[in-house]
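These notes are about the structure you will find just below.
Chain nomenclature is as follows: A, B, C, D and E, assigned in order of appearance, with residue numbering initiated at 1 for each chain independently.
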Amino acid sequence: MLRAFWAELKRDLLLSFRRRGDLLNPLLFFVMVVTLFPLGVSPAADFLAKLAPGVLWVSALLAALLSLDSLFKSDYEDGTLEQSLLSSESNYMMAMARALAHWLTTGLPLALLAPLLALMLFLPSEAVPVLVLTLLLGTPTLSFVGAIASALTVGLNKGGVLISLLVIPLYIPVLIFGASAVQNATLGLPVSAHLAILGAMLIMSVVLAPFAIAASLRMSVSS
Amino acid sequence: MLRAFWAELKRDLLLSFRRRGDLLNPLLFFVMVVTLFPLGVSPAADFLAKLAPGVLWVSALLAALLSLDSLFKSDYEDGTLEQSLLSSESNYMMAMARALAHWLTTGLPLALLAPLLALMLFLPSEAVPVLVLTLLLGTPTLSFVGAIASALTVGLNKGGVLISLLVIPLYIPVLIFGASAVQNATLGLPVSAHLAILGAMLIMSVVLAPFAIAASLRMSVSS
Amino acid sequence: MANKSILPLWFYKLASPKYCYQYTTKLLPWFAGAAIALLCVGIAWALLFAPQDYQQGNSFRIIYMHVPSAILAQSIYLTMAICGAIGIIWKMKIADMVAYACAPIGASMAFLALITGAIWGKPTWGSWWVWDARLTSMLILLFLYFGIMALYSAMDNKTLAAKATAILSLVGLVNIPVIKYSVDWWNTLHQSATFSLTKKPAMPIEMWLPLLVMVIGFYCWFATALMLRLRNEILIREKRAQWVKKLVTQV
Amino acid sequence: MTALLLEIKDLFCERDDRTLFENLSFKLFSGSVLQVKGKNGSGKTSLLRILCGLYQGYEGQVKFFGHDLADDRECLHQSLTFIGHKVSVKQALTARENLSWYANIQPQLDANLIHSALVAVGLDDYADVLCQNMSAGQKRRVNLARLFMLPDANFEHSLWVLDEPFTAIDVEGVAKLEQRILYYVENGGSVVLTTHQTLRIKTVELLNLDN
Amino acid sequence: MTALLLEIKDLFCERDDRTLFENLSFKLFSGSVLQVKGKNGSGKTSLLRILCGLYQGYEGQVKFFGHDLADDRECLHQSLTFIGHKVSVKQALTARENLSWYANIQPQLDANLIHSALVAVGLDDYADVLCQNMSAGQKRRVNLARLFMLPDANFEHSLWVLDEPFTAIDVEGVAKLEQRILYYVENGGSVVLTTHQTLRIKTVELLNLDN
């Protein structure tokens, strides 16, 4: 069981290493969305500081969302997806590996880069650890839940927009708790309840989502 | 010359009509990004009113950007793109038709829907006509400029993130003038200079971008 | 199937489109009649006889549309998700069709709840819309409905589409408790529950009774609309079955 | 000796309101080749995908070693190698990397045979070339190399489902592949295949989908 | 009568540091068929794409009717029909819609012949079926239908470049296609093609890329 898990994980990481750009892209996207706000809205420091938690979280979410489209697409098109599903190894583990690889190449680098961007948006420094923590807890949920939507739509050759439609309602709870935890931290309020909820969502999605992903993939392939 | 233009335009519109959802999707995406902000940042009306111009413009920009990825991708993969380029009709017109079809199915509906969302974000009603006008002037530029990036990257089978990287720097001027025109309108300041600049960018991009698009497509196909 | 029957026989019977079609032919007039009667009585009672609210005056009367549609929007989602699960587990075509028939009705209810809420919000809270937890989660519900409908219409193979939307609606189920308990978990502008099995109603009984009538009337209306859509869907999907051909030639 | 591998009963399949086949029944015993014949669009690919559990739009029964496919696909997938219309090769990986991934997810294949498989399909010079830099036929060969990675010990109980395996392959390659199929079948393996070219293997059962 | 259609001089092409061909020179006169032969990966597709102006990684000269391809592709594109490895058909359009799009962007094709072309490739029943609901061979046939949309009057000066046109096509379809090619060539058309199957057309010039 673990053998297929490692094989899939290794393959996905190798693929994104081959296109080295891909590893950098979510980061750069993140940076740019963050820079769009001061430009579009207002560059005043105190105003930005108030915006910062929300903007950082929203753009992390969008970065995750943007990369979802290609998660299973190329595997579907070149036929390796159906070969994965024909494996006698468990499809649950395969799905888990794919979602994990997605997080390792998008969510994780985002979370690690966040402090720098927080600085650019004048987020009070006492809120920075909470920001990183919420991103570390929240972005895997985004990857796992997003992978479900990606799996559902992979056979439909639509752009990423249908995925967004399916996925944003499910992302909103994560966004609310993540952003308001950071907001609370800037005001010196307690955040442990928020973190606990984020953690609970994380566990739920890591355990349950692979079932839904595997089932959706089997369905998408069967046409 | 016009024959190929109409044939390509008709084909693209027919394709997006076939997947009826596709016509609706950018709109729904737009709606959802707009709703993310109040959730992530703050639901207070006066705060939102100040944010509104920027948020509306940023999300229109993201909606346009998200759909760029699939603009030439499927044509490249199924080989119809090389057939288009083998046409003895002018490639300039073909490129123009593609970019126009993109605008008709994303930018235009966005601009028409914007007043509703402006309401939800408490944008002062006197700024709404300016918002629509700037979107009508600005979104075609986004489509035409975006199509260049899409054409450049189509052979590379990367996700949409590389496109974002190329395109956001080019989108920033549009964003700045668009958003600040709306901002000015909320404050009762004149906006004609901004509109003139947006118009100039529009004309420039409609006239020049198709050359760049056609050349990039020829390059992408040749590998 | 009969040999591994852990479920009652009618459950399997209902799974046959033909049986289901005939069964709903009998039920339909009853539900339609009940819906019309209850809604007429409810509306007349609500608009003409129920007392004015001492704070809000007559504007509160929109509650008689708002609350039933809000409740229904959630119940329909639940129905849809449960049918989706049944469809996946027991591969029952009828369950898939019910789930499909539910989605647009539910979306329209969610939309109605939002609109009536917004109209009501203007006089009471002073704005059409606030970003309150309950309102927001209701909006998410509407989006979920849209997503489900978009996914369904995007897929050509309807068996697969049913399976896909079932998975999605099951995942979206997490939103229902959030809507329900948002008013308790966060202190918000919005009212907390009026209907409860354990507690006495918080509003005067003469306001509350017509609301109850309206709610039941809405449920009957939902059942009617569901059956109509379901029967339509059965005919389309089974168009090559012998009994459908006979039925069509009779007309 | 020859066990009943695959049993199809009363298979019915329609797509887009066109009936592809109905009342289709046949049995496949281990050690034999079944060639599915038919015109373009007669349903060969659909049938092959049903046999692999990749398509569920059918009625009737498909049994592999007595296990109904609708309930238990595990058993089939332990023995199956499927080659379809798609390349099934990751473009951004090298030939060797693709094959070692296959060896990991399909435990019936043996990772130690990768090199000899590459030699067999004539790609030993291209082992470390990215597949995106290969010609159509070379990509196809990488996919076919899986057939050379099955150790002889696993031939029995094993099923190959090959959908037009000779597409894009040159004459010499076709001959080599036919040889391999023959060797495999003679040692207890079973094959279901389609092709529009004339097979030089003699002992083939035919199933014609045109009627 | 037979004009010099295509003239190749000293063509050199390498990909990934492997020389595919060098000092390649040949002439093609109108009314003839040139079959490019070679093993998988010998450079057939690369050569055909160079001839169409779809690949620029070469040295040497390619002249079409005296116009050098590097300077003027207009002239070639007015006469060219290229069928490559890819399906070249939009999945979300019907067969008819695909062909009428082709007729618009490639004015040498005649939109009035769409129906008869569909009949010729045996897809008259599928004219209004979305291509995504077709089998591999049927999609391929939609693409090949273009060869039946060229009016006889345009045969002269016209060039078909066909890269393995028989892929996925059944026996009957191959025969029909060969017939069409023969008819076209006899009436002044010219063809450059590759295939791994044996051609039944007799009067073929060969160009072998293995050396």
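The rule we apply is simple: a contact is a pair of C-beta atoms (placed from the backbone, for glycine too) under 8 Å apart; a residue touches a chain by one contact, two chains touch by 3 or more.
This structure is a prediction, so every number in the text was calculated from the model and none was measured.
S.K.: Over the chains that touch one another, what is the least number of steps taking chain A to chain C?
M.R.: 1
S.K.: Considering only mean CA positions as chain centres, point out the chain farthest from chain E.
M.R.: C
S.K.: As a test of whether you follow the contact definition, which chain pair has the most C-beta contact pairs?
M.R.: Ranked by contacting C-beta pairs, first place goes to A-B.
S.K.: Would you mind pulling out the distance in Å between where the CA atoms of chain B average out and where those of chain D do?
M.R.: 46
S.K.: Return the distance between the CA-based centres of chain B and chain E, expressed in whole Å.
M.R.: So the centre of chain B lies 37 Å away from the centre of chain E.
S.K.: What whole-Å value do you get for the distance between chain C and chain E if each is reduced to the mean of its CA atoms?
M.R.: The computed centroid separation for chain C versus chain E comes out at 58 Å.
S.K.: Averaged over CA atoms, how far is the centre of chain D from the centre of chain E? Could you give it in whole Å?
M.R.: 31
S.K.: Using the touch rule from the top of the page, what residues of chain E touch 2 or more other chains?
M.R.: 85, 91-92, 133
S.K.: Mind pulling the residue numbers of chain A that touch at least two other chains?
M.R.: 19, 74, 77, 156-158, 162, 165, 168-169, 172, 222-223
S.K.: Of all the residues in chain C, which ones touch at least 2 other chains?
M.R.: Residues 136, 143, 146, 150, 154, 156-157 of chain C each touch two or more of the other chains.
S.K.: Quick one: in the complex, what on chain B touches chain C?
M.R.: The contact residues of chain B facing chain C are 19-21, 24-25, 28, 32, 35, 38-39, 43, 45, 119-120, 122.
S.K.: Which residues of chain B touch chain A in the complex?
M.R.: Checking each residue of chain B against chain A gives 19, 21-22, 25-26, 28-29, 32-33, 35-37, 39-42, 47, 50-51, 53-55, 57-58, 61-63, 66-67, 69-70, 74, 77, 157-162, 164-165, 168-169, 172, 175-176, 179.
S.K.: Chain A touches which residues of chain D in the complex?
M.R.: Residue positions touching the partner: 52-57, 74, 77-78, 80, 82, 84-93, 97, 101-102, 104-108, 130.
S.K.: Residue numbers of chain B touching chain E in their complex, please.
M.R.: Touching chain E: residues 3-4, 6-8, 11, 14-15, 18-19, 74, 77-80, 82-89, 94, 221-223 of chain B.
S.K.: What part of chain C is in contact with chain A in the complex they form?
M.R.: Going by the criterion above, the answer is residues 88, 136, 140-141, 143-144, 146-147, 150-151, 154-157, 160, 163-164, 167-168, 170-172, 174-175, 178.
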